[in-house]
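Labels for the chains are A, B, C, D, E and F, by order of writing; each one numbers its residues from 1.
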Amino acid sequence: MGKIDEFQRERERLNQLDLSKGNLEIKRFFSLDSQVYRQGAIPTKYKEILGLVASLVLRCDDCIMYHIIRCHEEGVSQEEFNEAMAIALVVGGSITIPHLRRAYDAWEELQRTSR
Amino acid sequence: MGKIDEFQRERERLNQLDLSKGNLEIKRFFSLDSQVYRQGAIPTKYKEILGLVASLVLRCDDCIMYHIIRCHEEGVSQEEFNEAMAIALVVGGSITIPHLRRAYDAWEELQRTSR
Amino acid sequence: MGKIDEFQRERERLNQLDLSKGNLEIKRFFSLDSQVYRQGAIPTKYKEILGLVASLVLRCDDCIMYHIIRCHEEGVSQEEFNEAMAIALVVGGSITIPHLRRAYDAWEELQRTSR
Amino acid sequence: MGKIDEFQRERERLNQLDLSKGNLEIKRFFSLDSQVYRQGAIPTKYKEILGLVASLVLRCDDCIMYHIIRCHEEGVSQEEFNEAMAIALVVGGSITIPHLRRAYDAWEELQRTSR
Amino acid sequence: MGKIDEFQRERERLNQLDLSKGNLEIKRFFSLDSQVYRQGAIPTKYKEILGLVASLVLRCDDCIMYHIIRCHEEGVSQEEFNEAMAIALVVGGSITIPHLRRAYDAWEELQRTSR
Amino acid sequence: MGKIDEFQRERERLNQLDLSKGNLEIKRFFSLDSQVYRQGAIPTKYKEILGLVASLVLRCDDCIMYHIIRCHEEGVSQEEFNEAMAIALVVGGSITIPHLRRAYDAWEELQRTSR
């Protein structure tokens, strides 16, 4: 699970750094950031799709990667993934295409390695 | 239904103008823009919430207004609305707050007038 | 020439304010901002279309309005306008549509009043 | 103090609405949003200038207005205001100019009414 | 033609993946994306310059690279390239400078290898 | 001083390229870009923090890296760095977190190598 594994290791290392060096407000933000994706009136699966589409239209590769991994864990299907990608592409325009390409690449890697 | 009604009338008027003056590519884009929100593997209700959150993080008041009206039509609850707003706020930051304020204002107007 | 005339008057009033109150760096930036649109290897007409498309994808109504007026002065045709709008729409996505609507509205006003 | 007074009244009304309707995460975000501007190693005055420049480059009129009022309360001088505006303009480019114009207009109103 | 060749190979590989896995809406978007740059009332050369400037102000390296290659194929001169870059830089501000640097680097590589 | 040293070398190489190939407007912009950070009514240290926060909310890694190096040279403390990061994070939202992570990584490298 090459690229994805490497991504997760680096992400973990830097999160530790931020939390050890950052101040109280930064820690509170990180905590809030995980609270909003918790199961609620909107099921977790759809919250992760929300995070994925928001990350796509804002064009942040690391955020896209993180939510793709979470979507995969929550059992998002190929059809659901395609429909979310299509909405993000239409909302955000062709400027999102390079991120969409990398998103499909990561999604494929996840499908392959979990078979 | 003051502000919302006015919004819809102006939106309709200008859409007519675009479609009468615009070229084939613009018409195709408008058509594609409605296709991606159609019922599919992801239910329409969640697609409209996706449109709402994407519009919030990209900070487009007219797009937010449109998807709030559609969310209301699709029966989105206050809890679901709050959770979608919270995700958008955390992803997009305090710079989205003025749009969030207007979103709550429009949502309130819709709740009031549909009781 | 209602909306457009009002836009130009307010723009002029505020530019005077900026130049009377702003510092040297702000004045230099304003000067540079007009230099880059001057006739050169790229004709002025295409430079104004460049300014228009950049303003559309960055979603700035005042900037769009300004470049629409300049495009009109430079003799941009309806077909050229449509093609520029289509590129901006595809690059920037549906989030640009509210600005595109207002752009067509202003363009129509300019066509009507100059006939 | 026309426009500024109206801005503050509407802002207050909508903040009340958000806090009465919003969920816990939204309330926590609003609280965090005021914590980060509190006096610390960076004096409040400079924190408000940071908020102003961030709002300018992200092109949010309401956020700009809010931080201009706060900068005025913290005794920011005309020279400091100009230097902050010049940094924002150079970082954010000519697309920020319409917001810069409105910023100077609001700043002028504050100077006039507080003399 | 090191970096550019590598870019094109990876782009091609991922486009194939998107088109084989993506749904109808994604395919339609990709098709629309090539339609808008076709020769029309605005000549192809200027459409590619439009794509380049839009990509610069939106700060997407892959999009910039693609349009630089296309501009080179369409015979854009050094003077035209400079004028387009200057407009993008002034509109988008110093935040675009890292992308501008990489744009000049790619442009140089194209000039060198095509002599 | 691995990553930072490499960053500075590449930045220098490309700046030379831009200035040798770019036109007068591009040179004027580069000159203006250094003028606005000069000591003035706002001390240089705070101007660099302004540049850092603006770069963070606009999510430009190279710009962040440059201003982190300058902040370090101007003697910004860990507490000041944390407070600036917290403002940027709250204004810009979780979409800035990957850039914040890399910012802390670079800041750590600077602290380590200058001890």
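Annotations for the structure displayed:
The criterion applied here is as follows: contacts are C-beta pairs under 8 Å (C-beta built on N, C-alpha and C of every residue); 3 or more make two chains touch, one makes a residue touch a chain.
This is a predicted model, so every value here is computed, not measured.
Between the interfaces A-F and D-E, more contacting C-beta pairs are found at A-F. Comparing the residue numbers each copy contributes, chain C and chain E share more than half of them at their mutual interface.
Rounded to whole angstrom, the centroid-to-centroid distance between chain A and chain E, based on C-alpha atoms, equals 27 Å. Taking each chain's centre as the average of its CA atoms, chain A and chain C sit 37 Å apart. Looking at chain D, one finds that residues 25, 29, 32-33, 36, 54-55, 57-58, 79, 82-83, 86, 89-92, 94-95 touch two or more other chains.
On the chain E side of its complex with chain C, the touching residues are 32-33, 36-37, 40-42, 46-47, 49-51, 53-55, 57-58, 77, 79-80, 82-84, 86-88, 90-92.
By the touch criterion given at the top, residues 59, 78-79, 82-83, 85-86, 89-90, 94-95, 97-98, 100-102, 104-105, 107-108 of chain E touch chain F in their complex. Touching chain A in their complex are the following residues of chain D: 25, 28-29, 32, 35-36. On chain E, the positions that touch chain D within their shared complex are 57, 89-96. The touching residues of chain F, when paired with chain E in their complex, are 11, 14-15, 17-18, 21-23, 25-26, 29-30, 33, 54-55, 58, 60-63.
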